[in-house]
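In the two complexes that follow, subunit A is the common piece, with subunit B as its partner first and subunit C second.
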Partner chain A sequence: MTRPFRLLTASGTPYLFLLPGLVILGALLSVPLYKVVEYSLYDNVIVERNPTFVGLDNYRNILGDPGYWSAGFNTIVFTVGSVVGHMIVGIGLALLVNADIHPRARTFFRSMLVLPWIFTAVVVALNWQLLLNPFGLINYILDWLGLISEPLDWLGNPDLAMWSLLLISTWRGYPFIMVSFLSGLQTVPRELYEAADIDGAGFWHKFWHVTLPQLKPVIFGVALLDLIWTFQLFPLVWLTTGGGPGRATEVLSTLTFRLAFVDFEFAQAATVAVSILIISAAFTVLYLRNEARRL
Partner chain B sequence: MKRHLPKWALAAATSVATLLPASLPAAEIEWLQWFAAEDPTGFYDQLVEDFEAQHPDITVKLVTQPFGKVRESIVTDNAIGVGSDVLGLNMPWTTEFLDIGILEPLDDYLARDDNSFATSDLVEAPIGKIDGKTWMVPLNAFPFVMHVNMDLVKRAGFDAPPTNWEELSEQAAAIAALEDGISGLGLPFSSQPPSNGPILTFLPLLYSNGGRIMDGTTPNFDNAKVVETMEFIKTLNEAGAIAPGAASRTGGVDLEEFIAGRTGFLISPGVHSSAITGRNPDMDYTLVRVPTNGTNAYRVHGWEIGISADSRNKEAAWTFVNYLLSPEVNARVAKASNALPGNLAALDAVREGADDTLIKQMDILSGDTPVEEMRQSPKAVASWSLMTEELQSLLRGDQTAAEAAAAVQARWMDQIK
Partner chain C sequence: MADTALPRTTVDEERQRRWRQASIYALLALVTFVMVFPVLWMISVSLKPTTETFSLPPRLIPEEFHWGGYAKVLTDPKFRTFLINSYVVGLAVTFLSLIIGTLAAFGFSRYRFFGDRVAKLFVITTQMVPTITLLIPYFGVIVFLGLYDTLWGLVLTYLTFALPYSIIMMNGYLDTIPKDFDEAATIDGCTPLGVLVRVLLPVALPGIISTAVYTFLLAWNEFLFALALTRSMDMRTVPVGISMMVGEFGLKWDEMMAFSVIGSLPVLILFMLVQRFVVSGLAAGGVKG
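And then the complex of A and B:
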């Protein structure tokens, strides 16, 4: 065997091991990514066999469209509202199921509370549609309590639809925060709580001055991850409200789908998709920096 | 010099030969449709098997998807060049599919002498020419009708279903007043996909009022008949006759609520009668023509089939279409879907042993005027999304009927410019 060949084999072997992963990544990620960016630079892609290159015209059109900004605003409301909901409910429940109770009861509650995470978006959407139906259970209970005089159309009233969606999203997404926070809680040294007990600290003092500071990196990390996921969430919104009533719950991901498969404006859809990609990428960079700092 | 094949080549050739079937089919075609998804009996698998038995040189791969997914699949499959050969189609998709070049014109196939059917026997609406050509043929047909829960009609003090708008208004309000949770009529105006409530309920009422939303191939939504029909449903809503939550009510929920006996009337395709009688056999049920306001016209609908322009097996695809349209096979398809045949030569075979609901649909089809405007509509699917949004706004009281009609027209024209 010649020396150059030996050298090539020695230095190339690691790359050979990387090759399958690189090929899969290339096929599954880079090609679609490239195609979406390419589509956004042409007019009437897919509909036209020979689309015209239009440069950044689609971006100019989208940025001048009030529908895009309205969907963008809804996306921010939905994302921030969902993440805040996930954090409050997730952290609260993590503290509860971390309490010193009978191990069997603890396992039971932990298992039950993780359930919303297991259901698919279709199941979640259908169940909540039934619950929030004008003749559904929630209206029945509110009526029984004397809080409403006539049934509310939770998902069909523009003033209520986004709030209803946030409720559903919170219910669906809190288990991830709960599980992450719960595992973080196991890592807080017990000595810190013992020291706080000796100092006479109550539950809230211990939570604010021991638990939260200890878990700040975890909270920041999972909140960013949740932000990235929720920002581009499509199925739950599409299956629950379809972006309606009117466009009251239209978010950027449902706008992308509407432009592509309702209006057949694939180039415009690709443009909105690229804008989602850019924002998601920015969040991802933030997340990776945070993770790097923790290591 | 005598040359021998190397042993390894001989072995390879033998292996390949044993792996190959005795006779390869000349063609394999794919049939993408939603029909089998709506038939729990396995009828379409049997249909394909029977075809393959008669045509051993062709195999058919049945690709079944829910209705809501098929349009999307046809477009994306076509874009990446893996489209099915025979396509299950819905008339409103026609114009947008022509814009993309998905469909093969069928005129040359229809002109052949050896077809199993006569073109003149086919239901007219789907084969009407667009751009001078025929693009699809009807597998079955059904009118939009009004399904009636006679239990509720009788409890409200009436002997017979409504025949005109005035009676509909009176009966729907009386049924809604019976008890909490019971409504006269449902309007499925949810934005959820396919968001097609207006074409399920609004258009049938408009046609029974003698109105139209198209002027040839141009949207003409802003007209007096449209406004009058919108005002009628607004009046029904204000009288409390409409089920609450129209803006979140899907077509599926509307059907389920009727089957569960919580709605007096349901305006939807006649083909839903089998689901209603099958799922709630105890209901005192009947179907009637959509109550009129002076015109006996109905929205005609059906399941259509066409051939993909990119198909590599167009001859085999047509052989299969030809088989489906033969009077015997088409009668079987119609009976299986509790609809009328696309080939009217199969009508007598279908009528034989047909139940009362099917006979009533036949009477509507033969006596009233069929209307189908969506197949010529540009951006049809997007257009009914717009209608949904403006009708939601109308029922909320955010705008008048005239404003809603003008808004749909303006937005629709903006879509197609």
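And then the complex of A and C:
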């Protein structure tokens, strides 16, 4: 524990420092969260001045709608697929960058590999629409390699769209895992590797028996964060496929947006939004339990 | 040759080590090229006339540089408005969340007080609230406050996402500064605020810069709220502007990619300048992508 500190005596002071931040955060979150639950219990919210209270009718509607369940299923596929993709590519690249190379080279490769993360989702979506276009580069390369006989419409074909989306999402999201894992790697005590070296352990043996067990809490925390964020991700899906073709890649977030700003069914949208909140809250509790031990 | 003087096994080991290093470099170069390729291709397409966007065989470096897309985008006042709006929102959010966030971070870092753990957990939890869940009530609240279709509406909403990161990242940096600094300054008669401003902030400058860059990036790249909470062309930001090019101006790849490049430049430059700090801070704070 930190040793007792002089300023501790001025008991009101810390609250003064925290006040602006916590008040703003509190207001910006509690009011909307209260409102969204309220909206979900009414009909014709926002569009009419005096909405009617309908109790749980919206929830009954949503839960009886096959569109909701298919969006829920797509959300699970998208979230799990993305997180697995991020973890594999992110951890793989972190190990590669962490290899015994010149520090300058390491810095260079690391900053290049972080690039996908800093672009706005619109730019990411456009780049990949270009590459995945039926006349685009990916089809050209696959054709050149003899893997396909005719160009595929990666984003327009209902059977392929989700896979394409997962590819894009993996590209976009691995840097966060890579960077977190990379900084985690620096905390693993050197002696453990030295001991393994003396035992003649190879690369994989060290990875499975030293690195992974040491970084388990880091990996768990980062994977949960990624899961929570990917679960509610909107821009990337909306901008690449718009939930389509048909509803092949419709996830809960795009469904919410469509209900609100295309159909102007704000109450229904609020209901789906509340369901997203409840599921996120469950994962957040898991995450906080993991974090609380470190605070 | 010095090598010949060494025992046989050492030479072999050295050779093996070099081979391994060479293959690691080759693999890294290949993987990095593949990962960066979509970005290179964006630049390439921005420099080709639309008739050549999909021409075969594809060329990464255009035969002849075509600046038409850039010329169009740079002379159109519409795009200038998008850029200015993004700068205004980005700078305002960065400025506000840095000040408020640093104050709170100082409180967390330097004091133990009743409810500190709960307050900290609250700040972490706010990062987890789904933005899409907030969207609909924000729409209602922002309309109610008369901030619909204004940049201030965006600044206010972005604070919700930017503040937690500022607090957590600054807290992380302040924690790395030994408390002896504060004690010395306090004995010299500094108030707590004086300690923060005169003693801690100069030392924490790398942290402040990386927090600022990260906050700016967050605001600059935001799409969902910018799309839903503004309506007129005068209030659109860069990401929404780019997305509207798709629908409203037809698919002119050279112009879209030119504007994508220009719209990405500020964050790209900022990030490259301070990437060392940002990458470590990002990992420390557990930061959203």
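General remarks:
The criterion applied here is as follows: the second predicted complex is superposed on the first by the 272 of 295 C-alpha atoms of A that agree within 3 Å, B and C clash if a C-alpha of one lies under 4 Å from a C-alpha of the other, contacts with A are read in each partner's own complex, and residues count from 1 in each chain.
Just so it is clear, a contact is a pair of C-beta atoms (placed from the backbone, for glycine too) under 8 Å apart; a residue touches a chain by one contact, two chains touch by 3 or more.
Being a predicted model, the structure only gives us computed values, none of them experimental.
When the two complexes are overlaid on their common chain A, residue A:R247 makes contact with subunit B while staying clear of subunit C. In the superposed model, A:F264 makes contact with subunit B only, not with subunit C.
Judged by the touch definition given at the top, the superposed model places A:I46 against both subunit B and subunit C. By the touch criterion stated above, A:L239 is placed in contact with subunit B and with subunit C alike. By the touch criterion stated above, A:P189 is placed in contact with neither subunit B nor subunit C.
Legend: residue contacts after superposition of the two complexes on their common chain; A:N133 is shown touching both subunit B and subunit C. Of the two partners subunit B and subunit C, more subunit A residues are in touch with C. In the superposition on chain A, A:G156 makes contact with subunit B only, not with subunit C.
In the superposition on chain A, contact of A:P213 is made with neither subunit B nor subunit C. Subunit A residues in contact with subunit B (one complex) as well as with subunit C (other complex) are 46, 133, 135, 239, 261. Subunit A meets subunit C in the complex at residues 2-3, 5-8, 10-11, 13-18, 20-22, 24-26, 28-29, 31-36, 39, 45-46, 93, 96-97, 99-101, 105, 107, 109-124, 126-128, 130-131, 133, 135-137, 140, 171-173, 175-176, 179-180, 182-184, 221-222, 225, 228-229, 231-232, 234-235, 239, 252-253, 256-257, 260-261, 266, 269-270, 273-274, 276-277, 280-281, 283-284, 287-288, 291-292, 295. Interface of subunit A with subunit B (complex): residues 46-47, 49, 129, 132-135, 150-151, 153-158, 238-247, 258, 261-264.
Residues of subunit C that touch subunit A in their complex: 21, 24-25, 27-28, 31-32, 35-36, 38-39, 41-42, 45, 53-54, 56-58, 100-101, 103-104, 106-108, 110-113, 116-117, 119-126, 128-141, 143, 156-157, 159-160, 163-164, 167, 179, 182-183, 186, 192, 195, 217, 220-224, 228, 238-240, 242-243, 246, 253, 256-257, 260, 263-264, 267-268, 271-272, 275-276, 279-280, 282-284, 286-289.
Interface residues of subunit B facing subunit A in the complex, by the touch rule stated above, are 71-72, 75, 79, 96, 99-101, 181, 190-193, 195, 243-249, 253, 262, 379, 381-382, 385, 388-389, 392-393, 396, 415.
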